[in-house]
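Presented sequentially are two complexes of chain A, the first with chain B as partner and the second with chain C.
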Partner chain A sequence: MATPLPTPGVGPGAGEACASCALAPDAARLARLGLDPGRYSYVVALAGNPNTGKSTVFNALTGLRQHVGNWAGKTVARAEGGFSYGGVGYRIVDLPGTYSLLSTSADEDVARDVLLFGRPDVTVVVVDATRLERNLPLVLQVRQITGRVVVALNLVDEARRHGITVDVRHLTRELGVPVVATAARRGEGLSDLLAAIEQVATADDPPAPLRLTHHDPELERAVSALAQQVAARFPSLPNTRWVALRLLEGDPGIEAAVRDGTLGDLAAPTTDTAAEAAG
Partner chain B sequence: MTDLLDEAARLRRDLSDDVGDRIVESLYTDAARLAAESVDRDGAAARLTVDRALDRVLTHRVWGFVAMGVLFFGVFWFTIAGAAVPSDLLYTLLVENGHTWLRDGFTALGAPAVVTGLLVDGVYLATAWVVAVMLPPMAIFFPLFTLLEDFGYLPRVAFNLDRLFARAGAHGKQSLTMMMGYGCNAAGVTATRIIDSRRERLIAVITNNFSICNGRWPTLILMGTIFVGAVVPPALAGFVAAGAVVAVVILGIGVTLAVSWALSRTVLQGESSVYSLELPPYRPPRVLRTLYTSIIDRTLKVLRRAVVMAAPAGAVIWLVSNVDLGDASVAAHLVTALEPIGWLMGLNGIILLAYVVAVPANEIIIPTIVMLTLTLGAPAAGAAPGVMLELGDDAQIGSVLVTTGGWTLLTAVNLMLFTLLHHPCSTTVLTIWHETRSLRWTLVATLLPLALGFVVCASVAGLWRLVS
Partner chain C sequence: MVMTLDELPRGDRAVVTGLEIRGGARRRLMDLGLLPGAAVHAELTSPLGDPTAYEVRGALVVLRRDQARAVHVEAHPDDEDR
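Then we have the complex of A and B:
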């Protein structure tokens, strides 16, 4: 296990108490495992728009010091690391920043493939509290795929400075998943984030994927009809409406997954695959 | 399974053509509603005006470029002025004293001359040189550059350059990959993945080498300091040296644009893509943390790579200098063979041989040149490695190159140009191959800069000799 060097302002190595940051209450439960997650039980994917602080959250959780840049598109390849929380191992995958999952660029394909075919146990969507409107489309799209989501409302310190307040309770209610206010640069809210990740990872009965209603009867009819057929073909697939929408759009990636049957594999429980990969 | 696809196709035919747009539209409508309900912007605006005022200057058509020049000039001036003293100290400690102690130690232990030569005069000396020459400027330059980056300045540079790239027929995001190249070209080449069109991506890959990378900054800074800065009175030396480095950087941007333009008009013709570049807010950098990470991660990482490359290179240098083939060493034969081309380019055979030895890492160019100059350039009788022990600081590196190597200001200027314009290091070449999967484009990206370097250096040398 790689024990990271102590970093001013960011916190402790494995198991040490953290004197200077907001992690203190739960610091004893967090062990940063750096690059090597060892044996892990859950896979966490980190998604979000470019330049919202995904890499900062990633570093804070893993203790790695992947360079963080203040610009969009800093993380191109995906980075992976690990941490352990409450004695349970987590593997965490940092995805490239994308504005959507509509598959119009290589980054969006990477992000979508991990979310769809990698089937992470928890997807943390990091959003910029100062630019919520531009960040929410991605959150909604992720929510259409899965209910195992935690929203990290990041950069709340910057939002505060700019006089912007976000109603976290309203967002939580509307999205149906935990929304946690964080300022990852200062370590604020990380213990809440960890607790939310644990809660979603261990939930037996996650919220169903979000049903986005289309204010267009014609489209709504087509989606419902096709979703029924998808459900008939792949009975245990959770996000049939989302798949139906993509098929209506003629999304080549999803069409290929239907053709070669990989879409059916998505129904397999993920913890088994994670355990295999770890063992 | 295909009946499902047929069904989807049938349903799609019944819908109007813009189904995709309508799906996206309803997504954004929902997002906008949810955001409007959840966000309270009371008292916003006040702070944003600071960002806006800064942007008005830093992304101004004219002042944006002035600010860019001043900031980069400042960074290099600090680096050059600040690195002088620690460089001297490290030099005295590692190269002068360390080498003597080690040599005495090996002799006292009764080690054979070949072993002492290979390990102490080869491996150790090359490594010590790399540390002494590179560590101080890197330890100053990287934190400063990272502070600018954390503040949010680099995307503004990209914004300023975007217009120019568009006019050159390249993708605006190429300005971002170019910025990444200033750290490491291999990273810059990987970063071109953010460009979707293959045509524009290839242009970005091929021109990334014109961004001066970590391994090349020290060469430029050293040449600027000991040769260009030395032609003016000492009071101005730092400014002139920094100016020379900035001039090479600007030339690099010019070459990037010119080559992009030429490629997009010839072998890589096509449409330009449209994209949006988001300017992040200015964020006060966390100075201590930046200092820590850029010294630990960046400086030591680059140094480790340099040392790993320098050790075997030191052995190679010692071997080619000490293994004789007929009447002279292997190195002497190679240098004699390369000398005519070197002369034509205003350089010399030793510099070209150094570039062959340093293919794995540009970091070791200067140490390689100095070691080869000392073993080959010295009068045949006194060609002992002990010559080196009488040297001291940067200025004395200069005096070795001038008195023993026969360098002139032309040699230094052309070395600076060749530092900008030559083949990428082997890591970058491998990355280019990996990213393009094309032997043809890998060859183009490798040989095009080298050809440019040859033409530019030979032209400058020709003109220089004509004038003087």
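Then we have the complex of A and C:
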């Protein structure tokens, strides 16, 4: 049920649905839609290392109550919900925490499959501002797959307590995608996060995936040759070099996806098909 | 002192100097943050001595002994003479 919030935090249904998470950001434009997104135009995936606040963001935006707690590995399967923002419907998928898209445990496979083959329109990578060094590798891996990324620099309240400040503008420039500082548990920064999600979802011309570079001519020859073959077989695939490198590494998941053709799902999404899927 | 991570006594600290393993297993260790230069701290050992939990870059990472054996480390100077 759609419950538009008249005032932050005091909407009857939605306020109750998430008593513990802080208020609705930008109440005028956000409606939490709980489990049922109805018709939606865009799919948003929430990715990130374990315990960075993905489910907290999910709950704040949907009004649902995914399990939240201060240890890693709480979310073990995908959970879905919906919200509307500025009158447009979004389906949002909460994922288990993952350190990597390259090597995975069973929980991480769930996240990887959604990110690689689920064709999200926007991937929000939720990172822990107090542990950036550990969190950035996944951001880079996601950026190598797609330019439709928003980084939620979460737990900035914790970072502040530890005397850590992060240069958000610099990080935005280096990553080439919006970085938004948030403290999801208090609702801080969520209206900026929604604005960034909307911007990336509706961008006609998103940034290109980050190009992998290396300095080994022999490897470069192999990657280029293989990338051309991948491009011939999957013409709409945006990141053939990434796929080629995975194949050279012997990544079993990618090998299987090439063989059974699901690799084509990696191709840029079209909102039409997302809307169809909803109907 | 140079050793492999499985030899690091519980409670001690060290710095990763290299990984002696190839393929997917190497990738996994790197993805868990065990890159040369990373500081590790042996935190908890399970009752049977395997696996062991290490603190690496602000997160607890659990490794089996065969994984830890592939990680070359240099013990933290303060922990050497224990």
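We adopt the following convention: the second predicted complex is superposed on the first by the 242 of 279 C-alpha atoms of A that agree within 3 Å, B and C clash if a C-alpha of one lies under 4 Å from a C-alpha of the other, contacts with A are read in each partner's own complex, and residues count from 1 in each chain.
One rule holds for everything that comes next: a contact is a pair of C-beta atoms (placed from the backbone, for glycine too) under 8 Å apart; a residue touches a chain by one contact, two chains touch by 3 or more.
If you're wondering where the values come from, they're calculated on a predicted model, not measured in any experiment.
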{"item": "First, second, both or neither for A:E188, with chain B first and chain C second", "value": "neither"}
{"item": "First, second, both or neither for A:E198, with chain B first and chain C second", "value": "neither"}
{"item": "First (chain B), second (chain C), both or neither touched by A:L102", "value": "both"}
{"item": "Which of chain B and chain C A:P50 touches, first, second, both or neither", "value": "both"}
{"item": "Which of chain B and chain C A:P137 touches, first, second, both or neither", "value": "both"}
{"item": "First, second, both or neither for A:D157, with chain B first and chain C second", "value": "neither"}
{"item": "Which superposed partner A:E249 touches (first chain B, second chain C, both, neither)", "value": "both"}
{"item": "Which partner reaches more residues of chain A (counting touched residues only), chain B or chain C", "value": "B"}
{"item": "Footprint overlap on chain A, where chain B in one structure and chain C in the other make contact", "value": "50-51, 72, 100, 102, 130, 133, 137, 249-250"}
{"item": "Complex contacts: residues of chain A adjacent to chain C", "value": "49-51, 72, 99-100, 102-103, 128, 130-131, 133-134, 137, 249-250"}
{"item": "Chain C to chain A touching residues, read off their complex", "value": "23-24, 27-28, 31-33, 56-60"}
{"item": "Interface residues, chain B side, partner chain A - complex", "value": "1-2, 4-5, 7-9, 11-12, 14-16, 19-20, 22-24, 26-32, 34-48, 149-152, 154-155, 158, 173, 176, 190-191, 193-194, 196, 277-278, 280-281, 283, 286, 288-289, 292-293, 296-298"}
{"item": "Residues of chain A touching chain B in the complex", "value": "5, 7-10, 50-51, 65, 67-73, 76-77, 100, 102, 104-107, 130, 132-133, 136-137, 139-141, 158, 161-167, 170-171, 174-175, 185, 212-216, 218-219, 222, 225-226, 229-230, 233, 244-245, 247-250, 255, 258-259, 261"}
